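In the two assemblies presented below, chain A is common to both, partnered first by chain B and then by chain C.
Here is the complex of A and B:
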């Protein structure tokens, strides 16, 4: 099914273009403007060229040190949660009941954490993990594990990671489930006739079929974990010390806390650029995967 | 669909893991503050509705829910109505710069809200929309419109092109075809897209908090007020939290059969 070339289609796209341009391009221009200037307050600005960017990428300065440290923490965080959520999501999707009312029940419960406002997610875990009034913190401490996410950096990390797994594994699971549902029963029958093992079925049938949805899952999870703000902010406030200060938290501290517009703007642009590059890589891989798949499907 | 050994146990454990923290919040919301602080109880021993009563009678509390719903609904309507024609265009036609435009839209879905918080504050203050539901609704378009286009494009592509051609041959003008034929055909897709717009606008806090001060403050921002001189009002915080979960839980029920497909952005 080839698409027809029709330049009038632009008229249909125009509303979207205008709305998004209003919310994206205008503010971004402000950011670019700020990133090149310095201010002593009173709305007096002067030209600073690429000064902020130099500082930002130089770890020996205060700004650069903070940025690179938070970037490192953020990448580590994203890597850990991807390593946990993707396999766990696949396992959960494979564990879905086959049919009946329990399917609907499982779907609704799985989707529940996704619909909770992010700061409430933070509140839930803040309460749940507290040693004095939270079930988790209380139980851990009473069986002799010294757990306190407010003062111990490792505990804070574990809390934030478990919270993210709680919050988002369902997304991966639901995506994988959608992928699994699209596999025709005939494939399994063929595998059975061939005497394929459980693992072989997974590797040869289920995994390839989940390829595309897994890419979407990884893309969404990477992006969202890379710009995570609200949940760790509510639970740990970026602490103890700076141990859970991720890039967004650092950025909001500089922009809205210290009102350091130039620094914040430079940081925003570099941050956005990183996301854009990763996004583009994923997008290209995804569209290529789709293009490669199509002829095979047509032949089958 | 083939599953794995021990699946019931795995599923049960995972669901317990999901529900336990929520249970704890609900549990706390029915306790008195004295009970919360003084003892560890697995269920409320002296159940009370005082926290809920306070939220439903105090205007500064319940107006937060109304404010939140206001901008969420506004955002959903704007997002869907601009995204529908665009989704059709992306699905049916090729035009100059279509791929770049699509990627540009996608990249906005991925832009960190923290980057836009300050410029949005400046922009909406400058045009006099600050502290109105419109500011938040428009700001949330930045990630919801691309998402809606993405989801709807998947659903429109599922409609056979012959239907368009037949309609045009029958002399339907484009707007009439769109409203009378296309929209009913992708009604479930519109439902799914609306669900996702609702969801992402409902859960977002950073922009909603930055763009409002008094009149349109969302409930999630009001919740931070429970810290007072006498310490945290944990019960009230928990009750407010529980009430923010309910709208989500309700809409999930309506779209439960489409959830999986929707999360795959209509591309399974």
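Here is the complex of A and C:
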């Protein structure tokens, strides 16, 4: 069969190619370019090769120390909020009503925190937690608990974590609720007939059926918390000291505070790479989990 | 193992005060004997699933009682009723192996590990699931999954009855036969009361020794497949069972004669005291009406088409306004499209307001 050769189709791809080039590839290459150089302003650049990257991964240097410390804080933060938000979200979803008008009411209330812009959330908690005028800070201090997120690192961490839990548990809960809603009634009836306890129903039916949405929830919450910037920046500004300085805050300090474009560029690239790798790992795990579900005949 | 009595049982999703016409299940009293194979047959929305759920305890009836072996179990929860149920779509526990699935009901009841293993192997052998015991249950085909659901019911040795809610809906036609014969074999072997809900008459008639036909929330007839075929108690049973269904024709009935379209058909019994003011119809299965060449004394009909079913041919004919199906004997042809209808008097039934009237001998 003769195939007419028609190269015109390439023209259809061209606009997308150009848009992607200008929006993603060129800026990225600029960053790659910066990451290999040093600058003292005045648009003067000096070649530095992989110097910044070496420094970045070496904890004994200033840059490496700051980067690895903030990375550690960031991982700890993500781990803590996942450990709180995922079980809490499941519990919230399980205790939601299954039908009636109250479902709509619950959904609206749950969705509210998700609709508030990041820096407004930060401002709310910044004021809420202030010992002099904030409801939370004032009440805690007046009942004898010494709470001050500006001076105490632990208090700052607790504030940032509680804020994140307040802001994002709804997302986990809503995803889990959607997973729970998709379980056919027959499963619960069968479990009843099989004499399953509440805990057995959760373990044998609800948790496995929520598997996929939970993976999505964990992925989203990990990514988001790993890239967190606005809320802690508004509340604590990264302090006291460096105690709540996460990677993105450190990055902004280096890029805009010190105008070290080379260091900042190298840090961005590594930061980006970590996120990409974690994304890829999650994606692989998720698609494999889906493949396992296919029946034997489908090949697998 | 138990005899099941339904005593004046009724259910309304709108509560007990709703008008009785709106009840999903209208008051019914009947007995299901221990070891019987019953089918609840009826179209979608006729109340058969409601009745099944009332028996399994998923729904608490608005009215009436259910007795297992004479004991009132109406207030008992599903867990305490000792019934097993197989649902329309296979219910299996995804994370467990086939063996764990089968062991689940026993584990929940705190049975000793050794006893569980023994029982699970026994049931797996019965259901031909033995080779899969250590496989993840999610990766099996729909029919194997349905067998697991059934197996979870059978492992408990205290089951009073096994309920099936259209269990073959998602099974391939070829496997349907296999699974159905498996059910019959299990029924014989285990001496269990089985109640099978379906809207498929073939399934019902082949599975059950007693078929309970439901229509609009009411049990309209309960009997053996032969009884349902020969003597439908309600016009609904007549045309729901059989393919094509029974011919129902408005008629005037007096004594041993029925008049249709000016013609007289002889009846086997005498109907002298038919209630006045009711809609009188006669019903006759297509198998007992023959189309023959037109002759005087025969009801004349117009042939619309002839369906050849291979083994048998059915003529679709029209008499005045009424449409009928009748058997077309081999070799029958009609030159002008008209034919005479020959009725078998012993199979012509009389219905008053859709209910069978027993005539006098």
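Keep this in mind: the second predicted complex is superposed on the first by the 272 of 300 C-alpha atoms of A that agree within 3 Å, B and C clash if a C-alpha of one lies under 4 Å from a C-alpha of the other, contacts with A are read in each partner's own complex, and residues count from 1 in each chain.
By definition in this document, a residue touches a chain if its C-beta (ideal position, glycine included) is under 8 Å from a C-beta of that chain, and two chains touch if they have at least 3 such contacts.
Since we're looking at a predicted model, the values are computed, not measured.
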Overlay on chain A: chain C relative to chain B, clash or fit: fit
Partner chain in contact with A:178 - chain B first, chain C second, else both or neither: first
Which of chain B and chain C A:200 touches, first, second, both or neither: second
Touching partner for A:208 - first (chain B), second (chain C), both, neither: second
Which of chain B and chain C A:190 touches, first, second, both or neither: second
Angular separation of chain B and chain C about chain A, which is computed from CA centres of the superposed model and rounded to the nearest 10 °: 80
When both partners are placed on the shared chain, which of chain B and chain C touches more of chain A: B
Touched partner set for A:53, first chain B, second chain C, both or neither: neither
Minimum Cα separation, chain C to chain B, after superposition on A (Å): 13
List of chain C residues in touch with chain A within their complex: 56, 58, 77-79, 83-85, 87-89, 91, 93-96, 104-105, 108-109, 136, 138-141, 149, 152-153
Of all residues in chain B, those that touch chain A in their complex: 1-8, 10-11, 14-15, 17-22, 24-25, 28, 36-37, 40, 42, 78, 81-83, 85-86, 88-90, 92-96, 98, 101, 103, 105-120, 122-123, 138-139, 141-142, 145-146, 149, 161, 199, 202-206, 210, 219-220, 223-224, 234, 237-238, 241, 244-245, 247-249, 251-253, 256-257, 259-261, 263-265, 267-268
Complex contact set, residues of chain A against chain C: 184, 186-187, 189-190, 192-197, 200, 204-205, 208-209, 292-297, 300
Residue ranges of chain A touching chain B (in the complex, touch as defined): 1, 3-10, 12-13, 15-17, 19-20, 22-24, 26-28, 30-31, 91-92, 94-98, 104, 106-120, 123-125, 127-128, 132-136, 138, 166, 169-171, 174-175, 177-183, 188, 198, 201, 206, 212-213, 216, 223, 226-227, 229-230, 247-249, 251-252, 255-256, 261, 264, 268, 271-272, 275-276, 279-280, 283
